[in-house]
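After this come two complexes, each holding subunit A, first together with subunit B and then together with subunit C.
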Partner chain A sequence: MGNENRIVNGLLKLHIALCLLFIFAPIAGSFVFSLNSDRFPSLPLGEFSTEWYRLIWEDPLVWQGFANTVVVGLTVAVIATLLGFGGAYTDFRYNFTGKSFYLALAMLPPTIPVVIMGLAMLAFLSRVNLSGTTISVIIAHGVMCSPFAMAIIRLRLSQMDPDLEAASWNMGGNQWQTLRYVIIPFAKPAIFAALFITMAVSFDEFAVAWFVSGLNETLPVKILGFLQGQVSPRINAIGSLAFLSSMTLIILAQLLLRSPEDKKS
Partner chain B sequence: MKVNAEMEQQSEAIVKFDNVVKRFGNFTAVEKADFEIGRGEFLAIMGSSGCGKTTTLRMLAGLEDPTEGAIYLDGEKVNGKATWDRDTPMVWQSLALFPFLTVQENVEFALKMRGVGKEERRQRAEKWLEKMQITEFANRNINQLSGGQKQRVALARALVTEPKILLLDEPLSALDAHLKVRMQAVLSNLQKDLGITFVYVTHSMSEAFSMADRVVIMSRGQIEQIGTPEEIYREPYNRFVAEFLGSANIFDSVITGPSGSDGWKVDFEGGETSLSKDELPNAVQGQAVTFIVSAENMQLSAPDSGQPGILASVAGEEFIGGTAMVFLETETGHELKVQKSHDELSLLNLHAGSKVIVHWAPESCHILPGENL
Partner chain C sequence: MTKRPTLFSLILSMPLLIWQLTFFLFPLLFLVAISFWTVRNFQMQPDINFGNWERVLTRGVFWDAYFRTMVLATAAAAITSIIAFPASYAISFKMSEKAKRWMIFILIIPFFTSYLVRVYSLQVFLSDAGIVNAVFGYVGLGPFPMLNNAFGVIVGMITLTLPLVILLQTFSLNFVNRDLIEAAHNLRCGRLRTVFAVIVPSAKVGLVVAALFAFILSFGDFVSPLYLGGGNPPTLSIMITDFTKSGQQWPRAAVVAIMMIVTLLTVAFAAITYAYKERGK
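Showing the complex of A and B:
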């Protein structure tokens, strides 16, 4: 019995290790080769070099893509979190006929295949003369990210004692004061987590941005451009940096969501 | 003259429910609530869950609006007035303390909502923290407090605006028995000190009867009886109240004829007794009458004593402190309960199945007015 358990445990651990290896090996490889002086990714490794990082540092196109990504990411994070909060609070606060339909609709965007989403966005935005602008990327990413923000904030609000809101009203707080002094403080960790996660999603998103960004390409779209033109280890350097920034945002969000009760420690 | 009458009413009653009905869809939560609450009164609203007691309280707080009828608060009709425009703070069953604020910030909350300045807020909150003996926890988080301490914070938070009325929705239900009794004393003393009105919703008879000046008993949205604890205990209005209190034997009987000059002879399942004519001045022979005899007014005699009464057999016994509740069954299957001291019971040498004669004095009978209209 005990032996069997040990074997099963060992196999499960091996399985997890293989999964992690499968996921992280390409990223790790990209990271290693970004610091390798050779032009092509091959073994044995050449010398240690920060040459590729220096090249992207000096490339104005990379900077422009990065700037677009940051502008889009920040704006999308704020817009998506606002929309997500609105949706989550509506769900918490009100009951109305068709509410489940409304929620299903609000949760829908991430389930739509991105190519279809990108095409639809392109068709719509070009009809209203917004395609190929930074705003178009913001709109498209806003639609895609809001459900994530809503899911995170909704989860937090579902942990709230519904009496808290009524208690605030009962003690003289009108609906706006209650939102300001009770609902938002309670949801604050989730609101920040939603900001970071939506920013990370927007940072990484490629397909829809590729359809709608036109000349205002975000970094992932730029990377594809590089790859189509030439195979350069600069891709590895950019990829490593993008991975680090996304991971930072996700980890920040996870820390915020970890133990929301310990506000002051 | 009318104005005068209204003024007078204002000074006596702080709350008036005028035929208030509350429906949720097809479900009637409160049916024709019509009563007043006096200034400085400690009123308990008691009933089992779903009886409408909490809805009644929430209507008073302004968290629900009546479907019909009117609620007057301090002489003013408050139907439709938002809860944040009333000063009817509530202590919640869940306590509903804000977990993201400190104790002090929780207590200051109502003042902050009313735009009271920072310094005054602090001073007034400190006064209540002191009064509730929780000053030392002022800067703690809510989740660092014990149940009893949280209770005190909830009270301080509700009382900080110095309201004329405090609403309490089963505030002690989460506490253990020992703490419950202590908090009952705290609440009782607080209410006497402040002289303000307390409206206290509970399902616990011991809480209601030990603290309240008057008790409202509700069932299925209806008010069954309003009265002082003693009135309700001695003279329950109807079968529901008598059964709810649980310590009385209920008899459905028929008047069979006069008994002496001032009484009626009545027959019930398994025996007969007499009732005072005073309580039933308009009764006629053949009329049905429901009356109760409380368990401690029942007498027991040995079966061979020759005492007239009902022959019953012992079905069980329940220990209640210095006394015991003996459950009996008559030959017709009617259940009776008798509360007696252990000494008295030991003389009879009772055990399960043994026979005993049950009897009572006619003056121990109380006719249920609500069942004999």
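Showing the complex of A and C:
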């Protein structure tokens, strides 16, 4: 193939680069702005400053929001992963009437717009006197995060040799022992990955949490509050820190999900 | 499969079912119920009252918002799909396995950044005195108004959906049979014609599903319309937050929410039907 091929490929590469620039410019921008003295940055940029980090460091409300976020995130991760593991194993092992309903119920939450989820949760939880509590955020995030946990663990289970379970049964292991000594060890990387990913999803979720959290705001809800107020580069500082913590979780998950064959290559 | 379920299988399968029935399906059904309730003295009372439906659906404000949201979400889905396709094509057909895996990892990263923070950052980029206009200023152009209008909203929605659409398109293109393309080339089918006559039809389902996800996400998004579009005139999701947060009119918010869900289900059904049409020919 001649010259045309090279030009086309070059243009395609350029296009990908532009797409990535478009996607990552706001993320990178937020980092840069967080370390910039200007309240409203433009070109040329102002000078280097850690002022915004100092402000959030000294803000007790930010710390309280951070504490709420961590409590919610840890609890949600455990709940969503337990629920997701059960669902993934059910899908892997059993066939039953109504299975498609079961799976739809398990996987659909992420497709419902968050404002609608938020409103439905708020209406329901306030009826049972739970709205405005941290528990309500945990409940809502449990619904939204368990599909991710289920998908990750299900994917891992599908890589398992089905004879493994049968072998364990043949050797006299009952279902519980098989679960304990065969399936959980095999699914372990995916279970940890699910914990990290669901925690990261919960860390960044603001809309439903905003509807149901009342005064027990998580950090992302605080950011929403800042956005509604006047311009505040503190958002960039909080966002950069949140990004770093989410990325740490994702990279840990990614390392866990890598199969041994990949490591060799 | 007439066996009775064992205790073991119930303990594993039931928690998720109960959780999602109680905290997901039931609240959504409850939303339908409260759309018929009445509000007196800021308190909701159980009732069978079509007043909320009548009030919302007979107002021009609602239908204006409805069509505005439709147009914005459709435009965002179309533009995102068009921008994404060359990128997905390049990733799927031109990259090594290793590079592909890296691209996928890179494209997953945005899902774990706060959308709010990105939108706030976009405000800084797009405002009249912002970064983009400063760049235009250096070459003697602008300033162009890019914030508090439809342009800002669409940019925000593309930021939200582009990574997902590229990923979904790439996955569907990965499944296109490479022999078909080889055959097309052997038959002297031109490069561009191969793309439109062979690749796009083979990957049609995935491409439509990707656009559908972009539509769903944009349709329900309230952050871009509010913080990049200025929030006025409102979209449907802004109406919901307004009704809920300031107006204490939960029943009316429920009516808007149900209209949104019905619309999304209709669009999803139409898109899936279209995607699978003529496949068996």
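Methods note: the second predicted complex is superposed on the first by the 258 of 265 C-alpha atoms of A that agree within 3 Å, B and C clash if a C-alpha of one lies under 4 Å from a C-alpha of the other, contacts with A are read in each partner's own complex, and residues count from 1 in each chain.
The rule we apply is simple: contacts are C-beta pairs under 8 Å (C-beta built on N, C-alpha and C of every residue); 3 or more make two chains touch, one makes a residue touch a chain.
Here the structure is a predicted model, which is why all the values come from computation and not from measurement.
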Subunit B and subunit C placed together on subunit A: clash or fit? fit
Message: By the touch definition at the top of the document, which applies to A:I7: first (subunit B), second (subunit C), both, or neither?
response: neither
| message | Which partner chains sit in contact with A:G29 here, subunit B, subunit C, both or neither? Use first/second/both/neither. | response | second
- request: Using the superposition on chain A described above, determine whether A:S168 touches subunit B (first), subunit C (second), both, or neither.
  value: first
Of the two partners subunit B and subunit C, more of subunit A gets touched by chain C
| task | Kindly classify A:M150 by the partners it touches after superposition: subunit B alone (first), subunit C alone (second), both, or neither? | result | second
Check: subunit B-subunit A-subunit C angle from CA centres, nearest 10 degrees, reads 100
| message | A:Y181 in the overlay: touching subunit B, subunit C, both, or neither? Say first, second, both or neither. | response | first
The superposition places the nearest Cα atoms of subunit B and subunit C at a distance, in Å, of 8
Note: in the complex, subunit B contacts subunit A through residues 61-63, 82-84, 87-90, 92-94, 96, 98-101, 109-110, 112-114, 141, 143, 157-158, 161
So, in the complex, the side of subunit A touching subunit B is made of residues 161, 163-164, 166-174, 177, 181-182, 185-186, 188, 261, 263-264
Within the complex, subunit C is touched by subunit A residues 4, 8-9, 12-13, 15-16, 19-20, 22-27, 29-30, 33, 40-43, 82-87, 89-90, 93-96, 102, 105-106, 108-109, 111-116, 118-125, 127, 139-140, 142-143, 146, 150, 175-176, 179, 200-201, 204, 206-207, 211, 220, 223-224, 227, 235-236, 238-239, 242-243, 246-247, 249-250, 254, 265
Subunit A partner, complex, touching residues on subunit C are 1, 5-6, 8-9, 11-17, 19-21, 23-28, 30-31, 34, 83-84, 86-87, 89-91, 94, 98, 103, 105-110, 112-122, 124-125, 127, 129-131, 134-135, 138, 158-159, 162-163, 166, 191, 216, 219-223, 227, 237, 240-241, 244, 250, 253-254, 257, 260-261, 264
